[in-house]
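Each in structure tokens, the structures are laid out below.
Presented sequentially are two complexes of chain A, the first with chain B as partner and the second with chain C.
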Partner chain A sequence: MPKLTIDGKNIEVAKGTTLLEAAQQLGIYIPRYCYHPKLSVSGSCRMCLVEVERGPKLVTACSTEAADGMAVLTASDKVMAARRDVLEFLLINHPLDCPICDQAGECGLQDYYMKYSLRKSRFSQEDKVLRQKRRAAGPRLMLDNERCILCTRCVRFCSEVTKTFELEVMERSDHSFIDLKEGKALDNDYSLNIADLCPVGAFTSRDFRFKQRVWFLKKTPTICLGCATGCKIEAHHNENTIYRLAPRPNSETNTWLCDHGRLSYKAVQAGDRLAKGVIKNGLIDLEPALREAATRIDEAKGAVAVLGSPWLSVEDNAALARLAKDAIKTESYCFDLTAEQGIKDGILINKDPAPNTSGVKLVKEALGGISLEELVRRIAAGQFKVVLTEARAALLIKDALKTSGPRLIVFACAKSEIPAGAYATFPYATYFETPGTFVNYQGLRRRTEAPVEAPEGVKPLWALVNKLAAYSGAGLRLDSAEDALKEIIFK
Partner chain B sequence: MENILLKNNVAGIEAYFADGGYKPLKKALGLKPADIIEEVKKSNLRGRGGAGFPAGLKWSFIPKDAQGPRYLVCNADEGEPGTFKDRELLRKNPHALIEGMAIAAYAIGAGHGYIYIRGEFAAEAELLEKAVAAARAKGFIGKNILGSGFNFEIFTHRGAGAYICGEETALLESLEGYKGQPRLKPPFPAIKGLFGCPTVINNVETLAAVPAIIEKGGDWYAALGSGKSAGTKLFCVSGPVNKPGVYELPLGVTFLDLLEKSCGGMKTGKKLKAVLPGGSSTPVLTAEEALAVKLDYESLAAAGSMLGSGAVIVIDESQCMVKLLQVLARFYHHESCGQCTPCREGCGWIDKLLSRFEEGRAEKKDIDTLYSVAEGMLGRTICPLADAMAMPVMSFVKKFRAEFEAHAAGKTCAEAK
Partner chain C sequence: MAFKLSEEFKTKAEKLCAKYPRRDAALIPLLHELQKEAGYVAEEGMDALALFLELPYSRVKAVATFYTMFNREPAGKYHLQVCRNISCHMAGAEGLLERLRAALGIAEGETTKDGLFTLSAVECLGACGSAPVMQVNDDYFENLTGEKLDVILEELKHGKYPSQK
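What follows is the complex of A and B.
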């Protein structure tokens, strides 16, 4: 265990720890461009140069291992001079198009220039190296080579993380530029991470570009519901609109985020969001629609089946289970869902596309119910007049429904989700609009936070359940999502 | 003194035999590898590629207990401007290299050796391959060399024209099939080199000196030369001297002797102005400094320059130092691999600044900018290419500032020098 000092502070670190990591443990920040904790060390940007006392030259903190007795200086005159010089070198051929650059406000060049340089340019503008301006580099990314500082994080990401090898540094000297290899398109499932990794405005997200200046964005930590992996994410939003999602790197699940998950926020703002109830094919206000559905449920006199959904939170599933058990008083409710789970691509994407299969199981453990096979058998046998579930879960019983034709009442966020032949559909708030608990494939319990509000009139699903119960005069009352959770035991 | 490296001017194996060739290999195969390394250490043989690192010490860095293959690589990517000594060796004495490689390989336990030869050396590569084939036919390389049980195979690999591939780790990258860019060190090649295995990389001239050391002993070699600069060195003299060319002389020879005795002095009407004593990357010496200096590692370091590759570039009074520096800058600008920020951006900036001087667009403050850009590159990159640009710039500006000032005042090269 080497003991060393950094800026006069003592620290003991594990063997193999780099100076950059050791400094980080002490809360000392060393600026860097090419370094990334999850990528191989390149050591080429030279921004993290630090002084080791009695050493002949400055060393890169990202690549130098801490050794016993080292005395490291991270802010000496020599180090500060080197940082200023590196920044000047990076800026001489940079286009300085900050006013129209989408990275402005979260740009490594801007931030470090303010912090470490503020030096006037000594470079004559007519001598600049010109490179190719923005162009599409795949379906989701734009590449502006002139802004690139050649840190090669993007190249290393594609060769080390996705192992798709799309990018390479072409040419050499100050004519070097990042480009796609011949015959490759930058369309891997994780391509948008490159926009995050890029410290400058070279790679930008085509989805996000020019939608919002980043300094207006507020950040809400939440969970991705794109699959059973349940990555920790951050929603960036302003004035009740989500503009982008970004990963919240953590050791349990994810450093990165897949493009599918990253763009999943679009469903919240989709044009076909439901704001009213649907009875058969006609839109009607929510209250009369709920009363209509409650009447049909009452008429059925217990010949009602309820199916949970892996797409819904534990709270909303529990609310549905309580509705079946305590209000409708049917035995035919099923929260016994299973799916093959596990990372399917070696990175993040799960075999189970639904976010809460594990959470539904907890509802079954607490509130019982029948198996899916039994439910399907009973539906096919025509035992029910009404079947109540969530729109995507209805696919699980699609064939049985066709056989017997009960009235299908579903909860759905968007028109496109409504299954064919649904009798009634109720819109509910997405989990970007209402908090919810989810259990990922590892059994980790995670809660979404709501960065935005639901469209007017759209309520959380548990509240709709509460109303259905109230309209049918049954003895179930849920005042909050937590109410529904009462009997659920989390491990 | 008798030549060690350039003994005869014939590449053939028969001529090499006539001179006692491949006897040292036989002797070496009867010794323990560790003893050979000791002998080379004793000889004080230092790397002739430019850095001057002790060869025996380098060999001893190969971990004794390393499992798996080890490699010996010969750096024949002679690209330093002004340097043409390895080419001469390859043409006139390739078997000294092959024998030296076989001995070195035996000493470090390498079964395979690669000769990475500069792409432009097409004829030399062909010659070398013939020499390797001849040595193989005689059983000096291949399986069970001279009945010793030691196997060693040599492959030649031609470069593709990049100066940077003369840097040993860029060379390894290139040899592995990647873009030639220097690797971050540590790990050093002795621990993790070619294909991730322990590797020794030596210059042609270094390896070619090995047979004589084995034959006559490390002490004998150490006694040649001057102090810690042991042995003979090939000096490549270019410029307006009467007899430019490659000269093998003991280290410690004075520049004056090299110029006057070997090269026949300056050409009529040419007056010495400056000397780049070890290739284009080394700090320039004024005529006065050069005429007082001995050509060895220590003396040149004391004079503020370097022995480098032994390329002595003689500059006369008719040359404009600003123009000359721009020729160098254009070269380094073109050859920087582009990996490290200071080198990638700095070499281009210096080139462009010098264009301003040459085109009459420079101001006086550009002289200081030029110097400080070079300062910003020095010692701050993965490999020494940035230093190779920075050192001439800083020394040219320091020692010939008046010429830069004259250019900045609007004078032409002819008026400025």
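What follows is the complex of A and C.
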């Protein structure tokens, strides 16, 4: 275990630790472009140069292993001068795009220039080597080679993480650039991570381009509901609109975030979001729609089935279970859902596309209910006049519904989700608009936070269930989502 | 028509690969072989080579474009390669290039219409001691001056291969 000092502070680190990592453990920040904790070391940007006492010249902290007795200086005059010089080199050919560059505000060049350089360039605008300006590198990414500083994070990401090997550095010296095979697109399931990885504005997200200046964005930590993996994410939003999602790297689940997950926020702002109730095919206000549905439930006199959904939070599932058990007083409710789970592609994407299959199981364990097969059998046998569920879960019982034709009442976020033949549909708030608890495939309990507010008149699902219960006679008295969670035991 | 590596090439390539601990280590020698066959390394050739070595195409292309000794287009009968690295540059390589551009009427990377000359500026030829240096096909011409260059060019034009002194 090598013992060394960094800026006079003593530290003992595990063998193989680099100077950059050792400094990080002491809370000393060393600037870097090409270094990334989850990618191999490249040592190409030279930004992390530090001084080792009695060493002949400066060394790159990212690629130098800590050795016993080293005395490292990270802020000596020599180091500061080197950082200024490296920045001068990196900026020689960098275009003055900042006013129209999406990266501005979170750009490594801007940040380090302000912190370590603040020197006027000695190279004139005319001397700059021009490279290819923006072009679509793939369906989700723009590439501007002129802004690139050749840190090769993107190249290493494609060869080490996705193993798709699209990118390489072509040519050499000041005419080198990042490129991929002619006619091929940079189109893998994780391509948008490259926009995050890129320390400058060379790779930008086509979805996010020119939508918002990054300094206006507020960040809310939440959870991705794109599949059962349940990655920790951060929603970047401003004035009640989400602009992008980014991963919150953590050791439990994810460093990256897949493109599907990143674009899942689009559903919140989709043009076909429901804001009113739908009875048959006509839009009507929520209150009369709820009363109408409550009447149908009352009429059915207990011949009602309720099905939980892996797309809903534990709270909302529990509210549905209570509605069945305590308000409608039917014993035909099912929260017994299973799905094959596990990472499909070796990176993040789960075999189970629904976010909360494990959470629904907890509701079943606490509140009981029948199995899915039994429910399907009973529906097919025509035992129910009304079936209540969430829109995507209705697909699980599609065939049975067709044979017996009960009145189907569903909860849906968007018009496109409404299953064919639904009798009534109620809009509910997405989990970007209301908090909810989810259990991912590892059994980890995670809570979404609401970065934005639901459109006017759209309520969380548990609140709709509460009203439905009140209108059909036996109130549940749910004042908050947490009320529904009573009796649910999280492991 | 899809480009195919010849059987002869493949046999030679297998022998080369066997010389190295890793198959992909044979990439540069094989690029040389490809160039020997056609006079240049074609895109389709790189593609076929990538498949043959089980490498991503982008890696082959990156290597082929890094080294200036790989031509990516058919070259003329005489490939004039002027070193532009530091020693040659300071010994007047820029002037030589200028002279060649004027004499041949072409820029770097181009070939004369009669197909006789291709002009390139290349990276270090490893002969800094006798800078400035120009390589014509496989031969070096060292300690060049403008006058020497004119003589070489004249002789080449008249189909006479100049002595390397």
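By our rule, the second predicted complex is superposed on the first by the 488 of 491 C-alpha atoms of A that agree within 3 Å, B and C clash if a C-alpha of one lies under 4 Å from a C-alpha of the other, contacts with A are read in each partner's own complex, and residues count from 1 in each chain.
Everything that follows uses one rule, which is that a contact is a pair of C-beta atoms (placed from the backbone, for glycine too) under 8 Å apart; a residue touches a chain by one contact, two chains touch by 3 or more.
All values reported here derive from a predicted model rather than from experimental measurement.
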item: Clash-or-fit label for the pair chain B, chain C on chain A; value: clash
item: Which of chain B and chain C A:E182 touches, first, second, both or neither; value: second
item: Touching partner for A:D336 - first (chain B), second (chain C), both, neither; value: neither
item: Residues of chain A touched, compared between chain B and chain C (which is higher); value: B
item: Chain B versus chain C as contact partner of A:G43, first or second or both or neither; value: first
item: Chain B versus chain C as contact partner of A:S159, first or second or both or neither; value: second
item: Contacts of A:V169 with chain B and chain C, given as first, second, both or neither; value: both
item: Location of chain B clashes with chain C - one stretch out of 7-15, 43-51, 61-69 or 79-87; value: 79-87
item: Chain B and chain C footprints on chain A, overlapping residues; value: 169, 171-173, 176
item: Complex contacts: residues of chain B adjacent to chain A; value: 162, 164, 179, 184, 333-342, 344-349, 352, 356, 369, 376, 379-382
item: In the complex, chain A residues that touch chain B; value: 41-47, 49, 56-58, 60, 63, 82, 85-86, 88-90, 92-93, 122-124, 127, 129, 149-150, 169, 171-176
item: List of chain C residues in touch with chain A within their complex; value: 43, 56-59, 61-62, 65-67, 123
item: List of chain A residues in touch with chain C within their complex; value: 159, 165-173, 176, 179-182
